[in-house]
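Both of the next two complexes hold subunit A, though its partner changes from subunit B to subunit C.
So, the complex of A and B:
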């Protein structure tokens, strides 16, 4: 079973020749639009293929085209047609180009918006010409007329397109001397969104996102002219589960996240590629942290999983990483890692076969589950993990709230019906046949194994991140790491294997689970394995049939789909 | 190269005249010269205009903190002496219409090298290098100046722009 990037044979692509800044380039005649339907290629897409960035605000590849910001105006020309309906030629035989000009003022170039103008054969686009430069300057000047000088207090500063384009394409000084138009500030749009109307450049990305992607038509523009402003419809709160995506796509600081508001300037954030752990969808994210404190999640584009979006619930589910209650020290007879692991290995080696049970978590990575499975096979242990279900929706949220249920099933830690072994484990402890229990990342008192039952065990070894009833009852507590503090991989609901990177350092004396599990497996089974996550993953891929042919390196940033 | 030693004549070989000559200069400075030393630290040097001393925070004429916690000074500070705690999303109602201001602002004066980058980068003209050049303290902790101390030392900046007045 190798990788299954199922791609139908590509149909022959019809190409047309155009010129971008005088350089001839062949581009496909049709390009998929935001819904994946084939549409005529636009000038903006053609320029991107020619490595010429055209600045834009309202255009977003995942949203319908509005064409209202005018920032992508470019000068262009088309082959001239003579009165005989034949192309007019220059003296050297090349087709004569008629530049687009104003009809009543032929000396003035007439630009077109690159985001919504389809290309035609022989067309010439001039994204770096003086006329294009002038158009951009004029558009920026118009956008900046009423834009407040809020940059020092604006959360968008540092990742603001208005700032960037002003530097790249704008005029150095303002000619505006009149009083600026004042609009509402600090408008409470919904439970997670704060709006500043003065900063809004009316690109309508948020309006289109809410209407066409989230399906909650809550935003719109009111008034006219320079008093035009963004607002929610009267009496309708902007509170769907995808509101925070509008903060990401807002090119300026008009829509801000109440959660991230005034928390940290973005240029301090250390960002790394990761995967959201709040449900089985496994949205690709970027974690931003400073000085070992996580400040925000942002979606990362992956068309096979989450497009460019993620849900608000998943995005805000990071605060537990910074919790002051995090487990940071080993609790047990030995409090040094090497001594504690040797002690635990001794206990497990002496335990009679079948007297050990294991409850792993479907929130753990494939590599950790693989090591636990090795341990369980050696000890002939009964294993399971805890199912977690909630409400799903049509867009991204999955009803399965474990990020790695499929990984746990494929590796063999969890039975096909996850949780069906838990009553057997409880029964085993009750009858006394199970003396030792290993728990990873779960509070088993919530799923049928009560604290009284745990008291019957001779050894309870628990690894977790935050304290709970199970860690309280444990003989050994091994502090573990959140996904932001280690590397690993998950298998999402559709069988996409995705890896995530480390962003922050483990808290206190905590260690990544795969690191100490590797030592424990060696101490108990005598089998040495790989000491790096790459080697461990590749070893797992060789031994677990479902992962055959996948390597850590092949996962890349976007993952690989396997057959479930 | 060999430097030939000059032969001294009689007048030069007598030490007396040279000593008297030297003392004449010393005595002229002693009795008639201008004093160029001062009784430091009882007496303090008046620093020239544009001197770069310790950086302090200033208030606007209505007593509001001018700093808006943009953290550019923290970013630009070469020895990482500045540390700002941003306010977070909770609105402090006691500050009226001030939308954003630092929750805490600390400068470690032991780290500060008085380079003036913070003053240069500040978009709100809220931090200035003042004339204090000799800062002392009993402990390292005492040398970390907090927001209240920096504002008290900085005083009021007489400036036409009152950012929060009409907001």
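So, the complex of A and C:
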């Protein structure tokens, strides 16, 4: 029941003393690189430890280093070594520093790219010096001379590194009086990606991502010099399941998502930390919405789960949240929540033990499943969930398409062989031993319990988000919430317990399932639970062995791994 | 000394001398290789033993041979940086991508005496325990590639290449690889990328120093054609004899390409530092002087990327006097000995050994515009300062040379160039910035006057006009 990763004690970290802007700090000699291999710590990493952000475009911590944008050039010096190979000292005994200068012009500092240059003992880095600032200004100016400066119609505006660094290193006016280079615009790279080559700063992040992360060497540069442009191979579309990550890592507005472009200015988006529900991987995401409409998912970094990436299929799997067919009202004899729940509770209390069965969904949260399990225990109900499988891949996509199969199993709603109770439930309805069926988030007509069979039930209580054959046959339909509209937690395929936050409001009269289930459980069992998601989770963690020791607060943004 | 000293090109231009193996053998060819392979292990005073390979490496270091490609770096030192303990194969690449404007020396060796290069390469490979080597030849020299391929095939037939060379137990294969046609393919890490089948984007250093992480991430030596040819002569003559050629720290011979506005453009092999720039331009055995009635305006001393010298420019050179003291001597540009160190002291470089002569009939703005067009076209475009700066300078110079200059363009150009040099992945940044920096600084009055005249003529100095912007678009390609 351990709650956090248990690793052997790490070996002592060898440290190096350097100075950043005159302040001495000790930094590890080695730092993990983009693949997690230990490599000599770079100036950029050292500066980050000294709380000095070094601006950059091409550098990305999860990609091989390219060193091409030159924005991270910093002035630096190293301890001077005398002819006797001994360090030269100042009068006060401190080591004399030889600033790096151009060999052919010793009055001019020679910067080093912080992203690729390893630190050495005694090194001094000057990320705030006038020379460093001048180098950054020059690089930024170079990047902008041929840039179309079309921020008002660019989707990247608001989250664009050119804009951000322009605040610090840009000028209000340009001295560039020549004609700008013109390059292809609205290039249809693939089914999900649109390219504007004039905006591209040729940082090669997308090229490296496609080749080294997605394993699809699909992008490259053509032509030469300032006329370079990004392109895909002739006749080949940029179409793998990870293409939209290139839009995220594009520091400018060159690569845009066909799905998101021109839909919403990013500064209007309300963003919340959440988890993707398209498979059991549970990629960490940020949901962006405005006025209760979800506009996009973006991956959120979590090295224990998805690094900084997510698949295109998962990313675009949000449209159903905004569907016009969403269930928004209670359907049944009573259409107000308090009355309907009391009515349902009455029915369930009266039901003979064993006459109730329950099909819950492995797309539901741990908290909801836990409450349903309470109900099932009280009613001695046969329970199950519906397995969903598809194709997986080597990077992120899992073959299990339910986001919370492990939660359903650990909490005891689903048997070890998920779906193996479904035929028994069908048989029970057929034979008449099961009179009442509770269905959450599944269309059971697709898994062996036909509409005819449902017609034999005396009570069918269904909660769902969108209408289907099962909701049509229901005596009671309780409108529920998409994960974007509520809080909760899932257990991913590797046992990572991850929580997600509410982003939008429930549609119409719908309510978060855990809220109304909490009332129903009280009404049926008389047990009072917690009225907050924190309390509910913590109570579950105490009662369900697999979660022991975990608290809602401890889940944090990145989750906690439990033993499966 | 106003005459050639032909060592590498000794036979090349002799009547009847061909590229055939037999011809080369008749002239003592592959003797140096046989000598190298047969070198006995040497006993050192301290009881250690020195293998044949170590002896050759030591000889090359002692000879003072400096790279003939452009940087003039000590060849022996370069070889000594090679990581010999990595367990990975060591590769040697002959850089035959001769592309620096004004330079036409390596191709003389390739076209006229290819076996000399092959022999020098085999010896260099043997000395460095290389078993696979490449000749990366410029794509625009298909004849050269054909000649080299034939030479290699002939060498293979004679067992100078292949398995167990001449019974020595040493195996070596050399392949010719034709470049894809870009100046940047001559930059050693760009060349390696190109050889690996990729775009010739130079690699960042650190970490990709070829001596450690070169071709296929293995230790790699990249040497110029002329450098490798010289190795053959060092083995033949011995390092001490070779070092007697030329001047201290600038040993051996160099093939100098003289071009531009001289009567007799051509290539001349001289002892390094024994001829002055003036001799190379004006002496009848070399460039033969300017065209009649012309005066010297400028020379570009070491390939188009080197900093220009203005006629009449004087430099202070440090010279060792008879008493061993260093004294500063004032030297006219034309009296500079054509060697590595003097030109460096004069703020430029001998680079690829190419002197380009400019006389007073030439508009200096147009010369620079022409050079900058080359560099804008050849920038690989990988890193920002060079990619954007090279075309920016080109556009400004094109505008200036098409009658739309401005008074401030001189400073505008200087500032753009200053923002490139020293900030790029490879030395191309310097290559495109140095001509601009040196031309504009040294001929600033001409640049300012041109801008002022254009402003007065066009619109009385009211700033850029639409016509200026239209004129500012260089040819697209």
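Quick notes on this structure:
Just so we're on the same page, the second predicted complex is superposed on the first by the 563 of 564 C-alpha atoms of A that agree within 3 Å, B and C clash if a C-alpha of one lies under 4 Å from a C-alpha of the other, contacts with A are read in each partner's own complex, and residues count from 1 in each chain.
Here is the rule we go by: a contact is a pair of C-beta atoms (placed from the backbone, for glycine too) under 8 Å apart; a residue touches a chain by one contact, two chains touch by 3 or more.
Note that the structure is predicted; figures quoted are calculated from it, not measured.
With both structures placed on the common chain, the touch criterion links A:65 to subunit C but leaves subunit B unconnected. Applying the stated contact rule after C-alpha superposition, one finds that A:186 touches subunit B and leaves subunit C untouched.
When the two complexes are overlaid on their common chain A, residue A:178 makes contact with subunit C while staying clear of subunit B. When the two complexes are overlaid on their common chain A, residue A:153 makes contact with subunit B while staying clear of subunit C. When both complexes are overlaid on chain A, the residue A:262 reaches subunit B alone and has no touch with subunit C. Ranking subunit B and subunit C by residues of subunit A touched puts C first. By the touch criterion defined above, A:339 lies against neither subunit B nor subunit C after alignment on the C-alpha atoms of chain A. When both complexes are overlaid on chain A, the residue A:221 reaches subunit C alone and has no touch with subunit B. By the touch criterion given at the top, residues 68-72, 75, 86-89, 99-100, 123-124, 167 of subunit B touch subunit A in their complex. Remark: subunit C residues 182, 199, 204, 206-207, 347, 376-385, 387-392, 395-396, 399, 406, 412, 418-419, 421-425, 430, 464, 468-470, 472-473, 476 touch subunit A in the complex.
Of all residues in subunit A, those touching subunit B in their complex are 151-153, 157, 185-186, 258-265, 267-268. Contacts from subunit A toward subunit C in the complex involve residues 65-71, 73, 102, 104-105, 108, 110-111, 113, 116-118, 135, 138-139, 141-143, 145-146, 175-179, 181, 201-202, 220-221, 223-228.
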